[in-house]
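What follows is a short report on a single structure.
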């Protein structure tokens, strides 16, 4: 049995129908643990004072915003190559979630910027690239909304996701070139570098896991909705023909 | 007339998110200008009032061709002209629909974009007020331009050329209000002039636009 | 119990409020859409079974 | 009582006279079919009668707000549904005949379909249903049955007969037979002549001599 | 030798199956007229045959680059003259039949007229003249005679007869009689059925069960 | 293919002065920005490279819907798709026609507008070079955006939303070349990157655009 069996809508509905409650529960639990730990039980940092607590929201959201786009790119490619409907619908389902994560990243960043840099917004390369990513999300969602025929929309948005990824990547490097910024460099990586102390690192890790699980749960739920909506549309159209 | 307003709003929303798109374009202008000009906050703060107004103006401009061209192409305009609705009223209603879909969201979203362009804090209120006063003029002047070019296939660029000079006074006074407001100076004079332009345009241009449409139809 | 947030309390609280608000927003929206679509699909499927039978 | 009367009319397209000396009158209950080869000027004549362009010479007389015009293009909004399209026109004309119009033009099954998803003939039926909701007495129609199938042409014939029975009138330009008992006016003899042979002068010619 | 053959074809519009089980073959010198009420799916079928949309099931076989398609809309550029419009298509298809095509469709007097200033029927003649300059053997046409007058319909009939005599083939969807000796295929029996009654499934349905 | 190019150019010129309009819009942007921003020469000189590039970009954008939408509406695109011309070639040729009508005149006229915006003298040469290198990318990226939205009625605003983010790298490098040139610094790196973007876009995007058109036609 191959992984592609899950690309069958019926099989997908069965499997995820079973998985979804577990994933959602786990996501809620992890998030609650991580956020409560971060908010109530971590000390202030020297440079950041109490604002360090924003990191538990900002960093996971920013990471997931990028990961969500990557996931959409992959599912779009799968749709273009193998024509599995579930794949296209999963990309469609993920886009609004990704956009919300992007907005969270932007909003928490802006709120954090006010005390730290004395400004809500600066044209820092990372921030700018992030704003551009938000624009790509908007365009992608708008294109899905504007095209009526679902297969046409899936094809067009997939092409957009691929071309858009290339240009989003280019923009990322272009803005680096254009301005040296205020923003933190990459100081986190999964094998934990020295400049983040354990007190912040563990709750952050829990929060990141929580965001990942939340993303998975939301995408599964929304993909199920999209599949049902698709079937609904087909049935209604068929009623009209008959 | 109300039927026409409802129809135009419905069409704008169905055609893929009327409200959202004008806004998104406004946002895009606020992003591409710093990308072109460079990121220094001081420079940006200086040009912010002007750029925000230019952005509002352009996102109005881009949606103008919806006002009449679609109705012309599918024949609705012919039918409207032979219907009991007076053409002047139809023009006014269509300009109103355009403003509700384009101008109003801009007014509401402008403060957020002010943040992106480092607009000084005192400027926000005046930005919103000047846009609220000025964008109706943009819509009705635009409707007039659209009426002049309605028979031409994709007259978009030509229309921009006709409309932009007409937009200049509105732009100048609008940006001036924000600039003075941001610098903490008195804004009375430009604000009054802006209001006068809007009132005058609203009172007179529907007639000119209706005449232009009648000429273009025959 | 409540941590002392010092002079940055506003920033921290606002970021938590906005984040949780936005997250709840998508969750509620997704659940609501899911319910609505599921209900109408069940209606239509029931109708279909009737007419097919 | 005459619903529409046209006297010694000359019409021009893009400034070039195409027809001259056209005259007819429509009494209640009468239909007039305009015939003539492609390019003779039927569309131009109908647009003039409907008041969309001024005549070059002569007069068009009709009671105010009594004429409605159906052109080649239907004025159908493709993003609105069939019912929404009709409701809009009903509101503009201040009538409430949407349901009957849909029933008459066999559109009931399509009421909630977006107009973009109609076939050519279905769209045409929608365009004709608009005439029914206008509540006007004089219908001016340009090739109303293009792309309609045989049944729909008959449906349309019945609708026009009802209009006439109710005291309305119809002016129809068409190339095919509608199965209506209507007078026929062939426009070929009215083709605009050269000025030297008694043709009308345009305002510019007039001023020049 | 068969110029165009269609086997067990099912076509869909906007994802909804409209016709299924359609099959026919066109030998050189043969014309096939498709009939059926409005909305049965003629346009959809022709677009599928022309290769503009993929079939839902079944096969369309034709020699490569042998089919040319004429739709409801003519693809006429209104700012170009009649001659310029035709010359463009002649160059695209690599032929030089502009003069003969204009002569055949009675467009010579209009050669230097901008297409915007043509009447509905004249524009249609221009659209049909494009088929002549394509130099292709199989003509797929959707209501080619809409808004043509009687003489022009005959002109068109003669042109199609010449195509057939030269070994070409024609597939025509129409509601009116063209005066051609052609086979007629009524599409009514091929209307798509419900899945429970043996209808085709769309790709998504297929996956769902 | 050459026939297509000639036709597109002819259409652009007939439709009311193809060349002139893009230019005129560019000129208008160069005029309204000082009006909105205010007249100080120092500020203007600072923002000139960015504004000139933004103006070029917007006047490209405004004419994009001509690339395919007209052909779609009157059915020509259906006929082209069933003709022997490969769709990829048609896309490339149409983008070329768009560039000849819009991009090229901008390149030639840019120095004049530099004067309006107080661009420092050393910048002129680099302005022309960067526009000459960058505008072909704008045309082909725009053709891709136009191909995505070709089926949608008046997709103009949606198209802007899709296209503008794609324009950003070109804009950044283009404006950077001029800025550095005007300041007398080395321009090698951004110029090379700009050229790379243009080359890559020209090589790959016609295929993506052709695929999008085929999808939109069915």
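Every chain is named by a letter (A, B, C, D, E and F) in the order it is written, and numbering of its residues begins at 1.
What we mean here is this: a contact is a pair of C-beta atoms (placed from the backbone, for glycine too) under 8 Å apart; a residue touches a chain by one contact, two chains touch by 3 or more.
Note that this is a predicted model, so its numbers are computed, not measured.
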By count of C-beta pairs in contact, the leading pair of chains: B-F
Residue-number overlap at the subunit D/subunit E interface, same or different (half cut): same
Centre-of-Cα separation between subunit E and subunit B, whole angstrom: 45
Separation of mean Cα positions, subunit B and subunit A [Å, integer]: 35
Gap in Å, rounded to a whole number, between the CA centres of subunit E and subunit A: 48
Where subunit C touches two or more other chains, by residue: none
Two or more partner chains touched - positions in subunit F: 15, 73, 152-153, 155, 158, 161, 164-165, 168, 172, 218
Multi-partner residues of subunit A (each touching 2 or more other chains): 132, 135, 138-139, 142, 146, 148, 175, 178, 231, 240, 242
Residue ranges of subunit A touching subunit C (in the complex, touch as defined): 35, 39-40, 44, 49-51, 53-54, 57-58, 61, 96-97, 100, 103-104, 107-108, 111-112, 114-115, 214, 218, 221-222, 224-225, 228-229, 231-232, 235-236, 239, 242
Subunit F to subunit B touching residues, read off their complex: 15-17, 21-22, 24-25, 28, 32-33, 35-38, 43, 46-47, 49-51, 53-54, 57-58, 62-63, 65-66, 69-70, 73, 152-158, 160-161, 164-165, 167-168, 171-172, 175, 179
Contact footprint of subunit D on subunit B as seen in their complex: 2-4, 7, 10-11, 14-15, 71, 73-85, 217-218
Residues of subunit A that touch subunit F when the two form their complex: 132, 135-136, 138-139, 142-143, 146-147, 152, 155-156, 159-160, 162-164, 167-168, 170-171, 173-175, 177-178
Complex contact set, residues of subunit B against subunit A: 15-17, 20-21, 24, 27-28, 31, 34-35, 38-39, 41, 44, 115-116, 118
